[in-house]
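The first chain written gets the first letter, and so on, giving A, B, C, D, E, F, G and H; residue counts start at 1 in each chain.
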């Protein structure tokens, strides 16, 4: 079958490419060179992806707002990020006299490096993972934790009130949602049985009929995904959780005093974090690189992975185009008083899911518990904060 | 050596560092060659809405932040225990799970206590 | 100093000063200037905010960054020459400003506008109100961080209204349209048709807007119970317009003063109950709906006739000595003009009663005890325009 | 349930997103330099001086009465009256401006000069794209730059220009009629000048 | 220093000494706590090294101890820093010398 | 002993030394973070992957943040004018040096007695998980109790009286 | 001059030219305005970014609130004397290269309010302005027009040599003195370095 | 319905004996007559106006200042004068009436005008005004901010632009102009600062006004800064 082998080849295209390139080298160097190529691919692909995303975001937002968005620079405006990059490169680098120069310089680097490291454990296709580690998921979270430090460094070193306030907000927010992120991933690990992300994908890569066994299609998985999505948005400081950069109060938040390419690095870091967390969400709940329907299996796995990531990016953009921003206290209360308890509950539900065994019973029980909990907690929360729709009276 | 996963991590680390440093170096070079930086007292002062910045930004913050950090720390540690448990979960007996349940419930109790104390209310 | 002045600070009544809030936490107080260049202040406005953590315990508005000496200039030129300057007071609502000024001069000189001119005035004023409220809500949401979408929708509609303005008056924003005793030019039949068509599409827009926002949990959480203004305090502070009505006070000059021909139209005055930001938002949205009703009625039966009082003349206009205070219900509140004539071609005293400035009097009270982020919203919900605040 | 309102809002933006590909209503951008919104007939940007006939200097309607200068709210018109007179469109000798400057960097586009001019000599242009990096050279418009032909006026404000033309024609006709009547009367007078008892009206 | 274990142990000992010096030498209470954390970490390093090169790696004893130790150290840091903050609230200083002076 | 070990040791010790020596508290905290990171890498070098990452997660992700918050909460980012070292610093140094001497001697002296495993033991997360609820279940519960107690204790200590909302 | 050197120089010239082109292309197409509005004109500026006119098409919708990250200051509206020091300070705090568009009569000359005691008669008294847009307010299209004029201006700027813009010149000072509010007026009333008054005075004497 | 201004005056006088309210007619077509309050009793009267159940002027709409500069009044006066005249060779003291012109400066004043409405009763306006004794040193009036908070910013504005000092105002600072500013620009005799160095369309009255300003001296004082220039 020509077509099958063609698609298999396509699926493995990167490996074939790597092997071909590495083939020119002496055998002793080959593994190292292979790794190097993989790294280069990551370091090249994701920033490129970032550039594209900025264009798509600006255009997509434009479309939501009844306008076109950038379309003049290069074909369809796709050179816009290039121009932005050149501009950022040649822009003067202002470092306030009172700032802490070294930390000010290191902060964007720390951000970019830690975010890049997170990509190492993401399986971006069948066997396409740079470092398949036994504790991959933990590694990912460990790297995510380090980004908080870079935000603190940026905010503190700028010696600017808005920056520091923004950084403090950012850290408070990120640590709150990081707990949620971790715990919602624990559910998946409980069923998937591994911290290795490629194993987790493998576990989901099977089908009943044509339908895949993605975790999002289980009650606990769906709930986990919703919580994960909320927490991921907060982790990456995207709207409606973009408080650290809350333009309406804090000017530009922790990077107020950054200019030139250092600012661009923050921008890059933020987007890369968005990609990596989307990738993680995809891996944990959306079956990673596996095809959505069994007969789509022939499509190369990496296409599915990137497709799913793109989809989640679109949702990020979509939310940004729609939602206003929360307030700090609401954000914190939401994290600790709604999302976290719900996630903990989800842990128990996941355990229940295992102990109830196969059958419709576990579907019914688990869904009922989760829906009831969501509705009840939402209702109670809204009641306690006294908000809800209102009706109005008129004077003639 | 190259087969170790850490090797690829190290390479990635270096590459990422290079990725961050290279444009900064390029920008520095550009500034050296063509576009001289022009620092001056106003430009390099702290930005504050177009006014002269008053007071110190490094002020003392409120302990609310710290309280959240404590609870976060505890949950972080909890996750460190939960994750290996979760990995082993599918093969574990009910009793083992119960042991973990107790552990988790203990921490939840801490959370509930904090909630009741009103610490989880951001002021 | 002068004798006989007896007021002592201790005579101040309870509501005349904002409550004093003591810092709670052990954190240091942070003094932050928000403005004059600040992404969320609507123009060049500054608030010196004292923060205890993120809680506001002191707020001093600082004005004057856009003080353009409108009154002084007006006292040095003719009555007519001030008309284009009124456009630039509240630059969202040049037509209602025109009307208020024309009304005051008409009162001063004993003129009246003909029937058709009155209808055109009502149509323009209500269109102005719709675009103002839509933009105000859009800006409010912008402050809330909604990355522009509601504002874009508001401006999409606003552009349509501005097109109408431009076709009639020649300018998008600075219309300079009304004259003492009428309007400068007449509306053609084609224009009225265009206006009818435009108005027919407006309810859809308001529906869309409401679907986008009104029941959004984040919006509700951010706005309900924030920046509450009690009705008695609101009245004492001279607050007017949608803000006053959001506090539940039924005071709409269109109903109270019976100016123009508003008596002929059926419309209701929406009232809030809580006086918080959400009520201010909703009152504006509901007022848009009522304005659409007025527009539908007014556009249905515009009478034929002249648009200028034949007695009125634009050049060499010298009202008899005397004074007059004319006010209308502008989109932002009570806009008044107080004029003293000494019989010369220039007004002796020309004073604008700016609703924006006076509505801000209570800003500090509303903000105290809230979060910094709320300050921005409360400020946005007052709906001010700096051109009017500082004049 | 918590989240309903958010989903409703999301649906709204999604509608607009997809709508922008199919409906003009939802994609309102006018790509400016290539596409333009048709100018409204009444649109006004800056004033210009109307002249009749081919020669702008001879045909300027402005009689240098300086009313507009006085009435212009920000005082951005500067007129210097000529010493001599020249005939206007009806043949009446009038002063003309030897200097007529409008500082467009000050002009507030208020149209008051147009309103007060009794001679329909100054009108509003619709040209707005005057961005320049030269504040003094580029924005201080003198007579030469301000003068635009009546045809141009017709091309930008057809209705209004037609009205003005009609009014002027009417006036001219009136004046001519009057002149004719006067001439006739004079002729008649001359004819009957033999009898001194009559005339003197 | 032929065995790798010795290297690790020496590093741990050195780190321990540095931490100890920090704890003893610095005036700022927070830094003293950092010093203590370093000492605990040095101990952890010992645990892991002994686990890795010790006689019964399959029993995981050292490793498990290290994990528990991390947890305990974290808790210690939380409480310790909390104490520093509390003392700072009363004495308005984090300087141990000053604190002592104020007390006695 | 691979060169990597030396690099990591240098990073760790350098970070630790900097943490102790730097004047600016925030710098010291950041240096301590470097030391923590170096330690985590040493753990990885020792084939303790899980512990290494847990170290990063807990120390860099949480403890460092805690320290930083504590610094900002106590106005610690200003450098005190009257010196950063204790008046008894010499004594401290001597004690530390003495301790190091003893430890170093102990290490070198005792090593000879130890039988050493050279092969890397496999300690997968799974095994750790099993052990956690198996052999080490008692310590686990105790740690749970301890953590809860620590939460309560730390919160009570750090909580400001006035900030305690009335219930 | 020997051949070799000439070729070498020629090569360098080419390099510089391509660099210059790239540089100008980049900054021309990525002009991020500062989020900064002063008065009525600001509304038209906002309208320019809105759906109908959509400045985003030129890649200029990224309004940055911080002057560090912005390239273009659109002075949209009346600069009062109370505001002028802040405007100058903000301009000073922007990172080079920075451009200024004076939008509207007020920003150019004080416009309708130029007779006011608190209105600055043109921001170019204190900072150099790249493009002036007359109008009150200028139509959004006029702002787009000015934007394109600015792009053209950028395109014409050489990277080296005598004609290079101020910010590429290491001799030129980057700081513009900030006026201080005095008892009656701003002091000083203008910055002679950017406001070349002498050339113009006297050419138009007061009338009699 | 609202009482006439005269009736209100009577009501005030009945309620507050010795209030000394004066009726000021308005000759224009608007016929919004006003009441002139004496500074001593103004606060009491204002309180009465607000709290009286029938009047209930709970809403202070507008506060403004008016400047009435000193007027030079030229009048012809008939005066008796004793002159010595020689009548019939005898010097006599004779009284005779002569006309002479006299100039007299009528001191001006600053006036604060308040427009009151009632939200509760939906009536108004009632205009009340207060006058200072002169324009220079005795410019204090009582603040009505304690009665209507709506006056807070407006009184500050009047203070800023006219220089009326409102005693009892909680926060009387300049509101529109900067703190260092010295003049009160809305007064009729305010001379604008000299900053019309060059205008493309120079209008001499503007230039003249500018040059007459005392600040012209200040401007030349900044010569040093000018010479330094930049670049």
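Brief remarks follow.
FYI, a contact is a pair of C-beta atoms (placed from the backbone, for glycine too) under 8 Å apart; a residue touches a chain by one contact, two chains touch by 3 or more.
Being a predicted model, the structure only gives us computed values, none of them experimental.
Minimum number of contact steps separating chain B from chain E: 1.
Among the other chains, the CA centroid farthest from that of chain E is the one of D.
Looking at B-G and G-H, the interface holding more C-beta pairs in contact is that of G-H.
Averaging C-alpha coordinates per chain places the centre of chain B 17 Å away from that of chain F. Taking each chain's centre as the mean of its C-alpha atoms, chain F lies 54 Å from chain G. In this assembly, the C-alpha centroid of chain D lies 81 Å from the C-alpha centroid of chain F.
The set of chain D residues that touch two or more partner chains comprises 2-3, 6, 9, 12-13, 16, 28-29, 31, 37, 73, 75, 78, 103, 105-106, 108-110, 136, 139. Counting partner chains per residue, chain C has residues 24-28, 30, 32, 34, 36-39, 64, 67, 69, 72-73, 84-85, 149, 152-153, 156, 159, 174, 212, 214-220, 390 touching two or more of them. Among all residues of chain A, those that touch two or more other chains are 64-68, 88-94, 133, 138, 141, 145, 156, 161-162, 164, 168, 171, 175, 178, 193-195, 247, 251, 256-257, 260, 321-323, 328-329, 382.
The touching residues of chain C, counted against chain G in their complex, run 36-39, 43-44, 64-70, 72-73, 76, 84-85, 88, 91-92, 151-152, 155-156, 158-159, 172-174, 386-387, 390. In the complex of the two chains, the chain C residues touching chain D come out as 73, 77-78, 80-85, 87, 149, 153, 156, 159, 163, 166-171, 174, 176, 184-185, 208, 211-220, 314-315. Those residues of chain H lying in contact with chain C across their complex are 26-30, 32, 38-40, 43, 58-62, 64, 66, 113, 115, 119, 122, 125, 127, 132-133, 137-143, 145-154, 157, 161, 165, 167-168, 170, 174-178, 185-186, 190. Note for the complex: chain G touches chain D at residues 51-54, 57, 102, 105, 108-115, 122, 124, 129-136, 138-139, 141-142, 144-146, 148-149, 153, 200, 207. Residues of chain B that touch chain E in their complex: 63, 66, 70, 73-74, 76-77, 80-81.
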